[in-house]
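Next up: some structures, all given as structure tokens.
What follows is a pair of complexes built around chain A, which joins chain B in one and chain C in the other.
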Partner chain A sequence: MKPEPKRVKFKLNGREIEAAEGSLVIDAAREQGVEIPHYCYHPALGNPGNCRLCIVDVEGAPKPMVSCRLPVKEGLAVRSDTEAVKRAQASSLELHLINHPLDCPVCDQAGECGLQDFYMKFGRYESQMREDKLHKRKRTVIGPHVVLDQERCVLCTRCTRFTEQVSETHELGIFGRGHKEYIDLAPGKRLDNPYSGNVIDICPVGALTELDFRFKVRVWYLDMTDSVCPNCARGCSISVHANTKRPWHNDGRRVARIKPRYNPQVNGYWLCDEGRFGFKHLDENRLGRVMRLKSPRKEFGWDAALGEIAGEIRRLSGDRGGKGLAVIASGALSNKDWTAFKGLFVDTLKVKHFLFGPEPDQIGEQDELLRRREKVPNLQGGEALGFGGSIKSESWESLAREIESDRIWGLYIVDRDAAQVWGERGRKLWDRLSLVVYQGIHKDKSSELAHYRLPATAYVEEEGHFTNFEGVVQGYRKALEPVGQARPDWMIFSALREKLAGFPVSEAALS
Partner chain B sequence: MKTSDSLAVQAPFTPEQEKILAAWTAYYPYPIMGLIEALRQVQEWHGCIRPADEEHLEKLFKTTRARVHEVATFFPYFTQRPTGRYRIGLCRGLSCALAGSKASAQCLERALGVKEGQVTPDGRFSFEEMECLGACDHAPAMIVNEELKGKASEENIRRLISDPEAYQPSLESSLHGDDACVLTKHFSNPGLHQLEVYRKLGGYDGLKRALELGRPALIEEVKKSNLRGLGGAGFPTGGKWTTVPPEDKVPGPRYVVANFDESEPGCFKDRVLGERAPHQLIEGLLIASYAIGAKEAFIFIRGEYRSQYRVLQAALREAESAGLVGGNILGKGFSCSVRLMRGAGAYISGLDTALLETMEGKKAWPRQPPPFPTVSGLMGRPTVVNNVETLSMLPHIAIKGGEWFAKLGAAKSGGTGVYSVSGHVERPGVYEFPMGTPLRRILEAAGGVREGRKLKAVIPGGASTLVLRADEIDVPMDFDSLRGVGSFLGAGGVMVLDETVNMAEVAHNIERFLSHESCGQCTPCREGSEWTVRILERMLEGRGRDDDAATLQRVGENITGKVICALGDTVGMVTRAFMKKFPEDFSARKE
Partner chain C sequence: MAVTVRAVSRPARSLRVQIYLWEVWKGLLVTFRHLFVNLCRHLLRGLGLRVVPGAVTIQYPDDPAMLGRRARTRHRLLKRPDGEPRCTACMLCETICPAKCIRITAEESPDVMVEKRAKTFDIDLGLCVFCGYCAEACPVDAIHMDANEVELSVFRRQDMIWSLPELLGDKKKEIAPPA
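Here is the complex of A and B:
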């Protein structure tokens, strides 16, 4: 543990305040609710002090100083509210804007632009610029996700520093010199590192915008909901930006974009591209109806469907309980889902065959920054209840062999495409099974081959908790209404368990 | 088969060339420090830096493509398109502009049949206007492939173009040096650059004396001498040295860098000091290194001083073989190496922290102290950066003592100053006078205003120092007196302006220089300098507006004091100073 930094007193705008010794005045001011405008400073990317916007007066100093490079010390007296400082801020903004195209109406950054915001708060000058503006290169696609507009750039170097220090890929640089300098890709490079989307967030202006999100919906129409990224075991804190008020925008998709949410414990300020852009198919091929797919095909209400499934389980198992039933779980279950899952399949049905471990279909790339190899958010939540400890996971291969040797009569699949994994072999396996239940979010091969199909809610349609690979438990909130009849997994497990209440499982049958 | 200059042809380097480039990764204490020299080498071979060249250097120096491309596009010496085999540079700095560089440019364009910035169809010549070449005593100056070719008169241009190899003009500078002088005393001796001659005149005795004194006593003498940084900042040299943390607190290497990147319009004294007395500089550099415990020293010289670079190379070889540079110098147990590095055409590299960035193979973006270079400088090591003239003073202080030196000069500025005098004077050249000598006396020594014209103004210390009116030239030339009249001593680049000069044009010339040399790091300087230039340009074209003066004033105020480095501060001061002292030149320019 690092020792707590000493707290010292210093004066800000005449008010005595306390802050950690050596912390930056710009941060200490923000803690006190005093906003000091800035572009180049970013807590995770350092303080080059090049935008000169955060200038403050310091008692006893011969000239104003930038507060992003000014450490707090006992007795320091700083003012960000003098006429001189206000003039300096306004003039600095003016200099940022003299060659800026002022194309706000057609700029996707409008509404969340540092130039707009600071002009209204700290600018309000009348422009004296009479000369023609300098021109640079407009909208260029520089990678799979990012569009660059050099004319809007204020050359704060945040993005170049990100690629140099954080993603360590250094695709972006500031080339040329003086007023002719420009931000661009290094020759022969593309901005295609696994974290490329972060430059969109840290760009304080409209120079770097998101290729897919551009012009889909104006940002002021979006609703933001705190959430947790479900795309790997890191569980980055995110904010879901949903377009619900004006469904005719954003090509009809409800989620417009995902942004990282600062969490020093988990992801800092960042989010990987897999997480950021992984929501695109959320509304496609959704399962919305509770259905029996084997003939006679039928749409159900929940109660009738679960009653029928419970009856099938009773009929097929006799008094052996879940002994011949195999359950495949996804690892995307919330903690509450896992509890209900365990109640149903372990406590009531005493199921012996589970598959939940991160098999190859859930394994991807891992790196030092954020990405974890397990591409599901909550294996840890299952582990806390014994899944992976006392309860072992089958592999796809071992489970297939169990089915082939007729020790399994039924399969309960929770949001995982077993048929896809098993491929050709799957069809033969399916023929040996008397009951296949598919509970999940999207239509896939397994959902089509199942006997019963139960629609579950996506994480944005429910609330819950994920426990990440380091044991950090984070809650996510509901951003959208469920699709059709979809219900949270825990609710389905609990309701089915109720239907199976008093289900007799003879100890003899289990041994 | 003959290959063309086309960019599409990307012949790899020959094995010999690859060896030469690879050698630069091993020459300096850190491989990346060789990047600038390697790029210079490639520019020389190919006439430009091609994409394949950057790719090669990226791998060779184990760096990123962005970094290589940043450097290759920052420094004007590097080009992305081929230059002519003879790359002609014409100075457009103030003194050269006063001497008619505009007419020279037209003459060059006519003679070559191409416009500025272009290459002749046969690929032999290209012509560029450049910022100050440090040859204001040869105004309007031109260079070919970084070699000074003197005055760009119509006759000289004709001779140059008809036979560029054979054209070797005489490059004598006017010199003032008498017995009262310190640095230029022996400049009349044509062999001074040779070790043998230098030693006969007492050369390297200062180093010997310094080594005998020991470090604390040596630093004490330099403090007593009131020697101040003669590159322009005027910071007490001894004081700077004492801010280097002692070896027991910060172990490991520490460095001294001689700043030979003289690029300020109006300044060329380092050029003359370096070419006439290279050993005086090397000796001073060794003394400074000894004082702070450095075992490695560097001389960073601007690329356009190519012949001075050769002089230094030869002097270093002599000194090395005489045991004056290297291990166990003069048998006294002190070891120090000296290595050279060349710049690539950026004025800002002359600012200490930007110089260190350049040396580290980066674009020359100034750092923002703290920490100061003496604490964290070259590659994060304690580093002293001293100007050529400052270092050259040290042997004399070591021999004759700090007190003697202090007494030579003014109250808080010890010794002498070497002034570069140019512009509208009879005898432009280098003049050494004791600190505190009235500016009028220096002008008289240079023969006064040319052709008996009336003096209008003097810029006392180089283009970034503020203008003085003709009635202000009794000011003593030392750091504090000039501050007293609202200007700076700077690097002693005295530029004389006679009655024919319009001050709006001068302001425009200097602001254009500053804007061209603005590194682009901080917003007020990057944007404000260009804006200032464009307003002045419009005024000079006769399209002025009523509020122009007010806007210039306000923009200037909004830059100075709010930027990262001294160049930026200057951007905001220059025009305001001219407007204050010569308001009549800034009116009556409306449409």
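Here is the complex of A and C:
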């Protein structure tokens, strides 16, 4: 453990405040609610001090100083609101704007651009520059997700520092000298590391923009909702940006983009590309109707459908024994879902065959920074209720063998494509089953082959909590309305449990 | 379509104005003058003199409407000298529109210096309140409200929606006959 840094007193704009000795004035000011404008400084990427915007007056110093390189010490007196500071900030902005094309109307960053915001606040509205602007390369696709516009760059070097310090892939660099400096790819490289999307967030201007999101929707039309990334066991804090008020934008899709949300306990400032760009499925192939797919095909209300499923379960348990139902689930359930899941399948139905382990269809790449091997968000939440502890998960192979030996008559699948995993073998397994219920979000192979199909909400359409692999519990909020008849998983489990009231068959029948 | 503003000082209110009776009398004189002029004109027309117009007021819709120079009429999208639409699909008009009658979708422009252009640009004149904010907000002077058309009625609601080529003048607006 490092010793706690000494707390010292210093003056900010005449007000005496306390901060850790050696911390930066810009950070200490932000803690007190005094926002000092800056581009190059980023708490996670260091402070090269090249944008000259975070300038403050220091008592006793002959000239203003940059607050991102000024450590706090006892008795320091700093002012961020003097005339000299404002003049210096306006001049710095004027310098940044010398070669910056004022193409805000076509720039995707407009509305969340550091240069635009600070210019409106402290800028000098008339530039003294009379020369033509210097032109550099525009609209260059530098990777699978990122577009570079060299003209708009203010050379804060945040992106190059990101590829050096965080992703450690060194794709971006600064070339040229003086006013002809520009950001570009290192020779022979593409910006295709698994964290490339982060350079879009840290770029304070429109030099780095998102290829997919470009021109889809203006940022000021978006609603932002706090959420948790469901794409791996890390559970990064995210913000879901949805376009709901003007549905003709964003090609009619509701979710426009995913941005990371600062959380020092989980993901810091970052988010991997899998999480950032893995939201397209939320507006594709969604299930919206409660349906019976085996003949006679029928669309239901929830009550009638769950009543019929409960009746089937009662009938088949009576005929073929209570142990014949198997459940396939995944760690995509929220904590609330897991509780209702346990209530239905463990407490009421006394199911003996569960499959919820992530292998092999929910396994992916893992690395040191964020990404985890398990590509589901809440295995830990299930484990807290015994799934993985006292209740063991079957493997796909063992479950298939059980079905082949006719010990299992029914399958309840919760949002997992079993038919895809089993492949050719699956079709034969399906024929042996008397009841297959699919509860999930998307149309996939399993949902087409099921006897009953129940539409569930995706994480953006419900509220809940995920417990990540380290045990951090995070809540996510509802960003969108459910599709069609879709309901949260826990609501379906509880309603079905009600329909099965009085079900618990005697222990004798189970054996 | 920038409008220049000129401050005009109010005239001083003299005693004659404050008494008011004189002003009322002046107003009545105007009314009576119109009455007698119209009366005489109608008389002359009644006697067969067709060259004399019937009244001093404009006989709309028999005669064409006379619009002021600054009248806000149907929208028009302008083109650059090379013939491409000026609009860069920045969505400022759509954002400012209080009636939410403008719907734009954007796409990449093949010209790298233009970068962005409108894929579709629809104005629903059935919703438009003719406030002129869109023309005011446009940073590239692409939208004007000076087509000098005010007779915009149609027989179906969807015909009130003008699309990009129609607003540019590339395509004639087709109106379905009454159902």
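Following the convention adopted for this analysis, the second predicted complex is superposed on the first by the 499 of 511 C-alpha atoms of A that agree within 3 Å, B and C clash if a C-alpha of one lies under 4 Å from a C-alpha of the other, contacts with A are read in each partner's own complex, and residues count from 1 in each chain.
One rule holds in what follows: contacts are C-beta pairs under 8 Å (C-beta built on N, C-alpha and C of every residue); 3 or more make two chains touch, one makes a residue touch a chain.
All figures in this text were calculated on a predicted structure; none of them were measured in a lab.
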(request) Have a look at where A:219 lands relative to chain B and chain C in the superposition and call it first, second, both or neither. (result) neither
(request) Pick one for A:105: touches chain B only (first), chain C only (second), both, or neither. (result) second
(request) Count the residues of chain A touched by chain B and by chain C, then name the partner with the higher count. (result) B
(message) For A:248 in the superposed arrangement: first (chain B), second (chain C), both or neither?
(response) second
(request) With the two complexes superposed on chain A, say which partner A:88 touches: chain B (first), chain C (second), both, or neither. (result) first
(message) Is A:44 touching anything from chain B or chain C once the two structures are fitted on A? First, second, both or neither.
(response) neither
(request) Residue by residue on chain A, keep only those touching chain B in one complex and chain C in the other, then list them. (result) none
(message) List the residues on chain A that touch chain B in their complex, please.
(response) 48-53, 55, 63-64, 69, 87-88, 91-92, 94-96, 98-99, 128-131, 134, 154-155, 160, 163-164, 170-181, 186-189
(request) Would you mind writing out the residues of chain A in touch with chain C in their complex? (result) 103-106, 110, 138-139, 214-216, 218, 220-221, 246, 248-249
(request) Going by the contact rule at the top, pick out the chain C residues touching chain A in the complex. (result) 88-92, 94-95, 103, 105-108, 112-116, 139-140
(request) Give every residue of chain B touching chain A within the complex, in rising order. (result) 51, 54-55, 64-67, 69-70, 73-74, 346, 363, 368, 515-524, 526-531, 534-535, 538, 545, 547, 551, 554-555, 557-559, 561-564
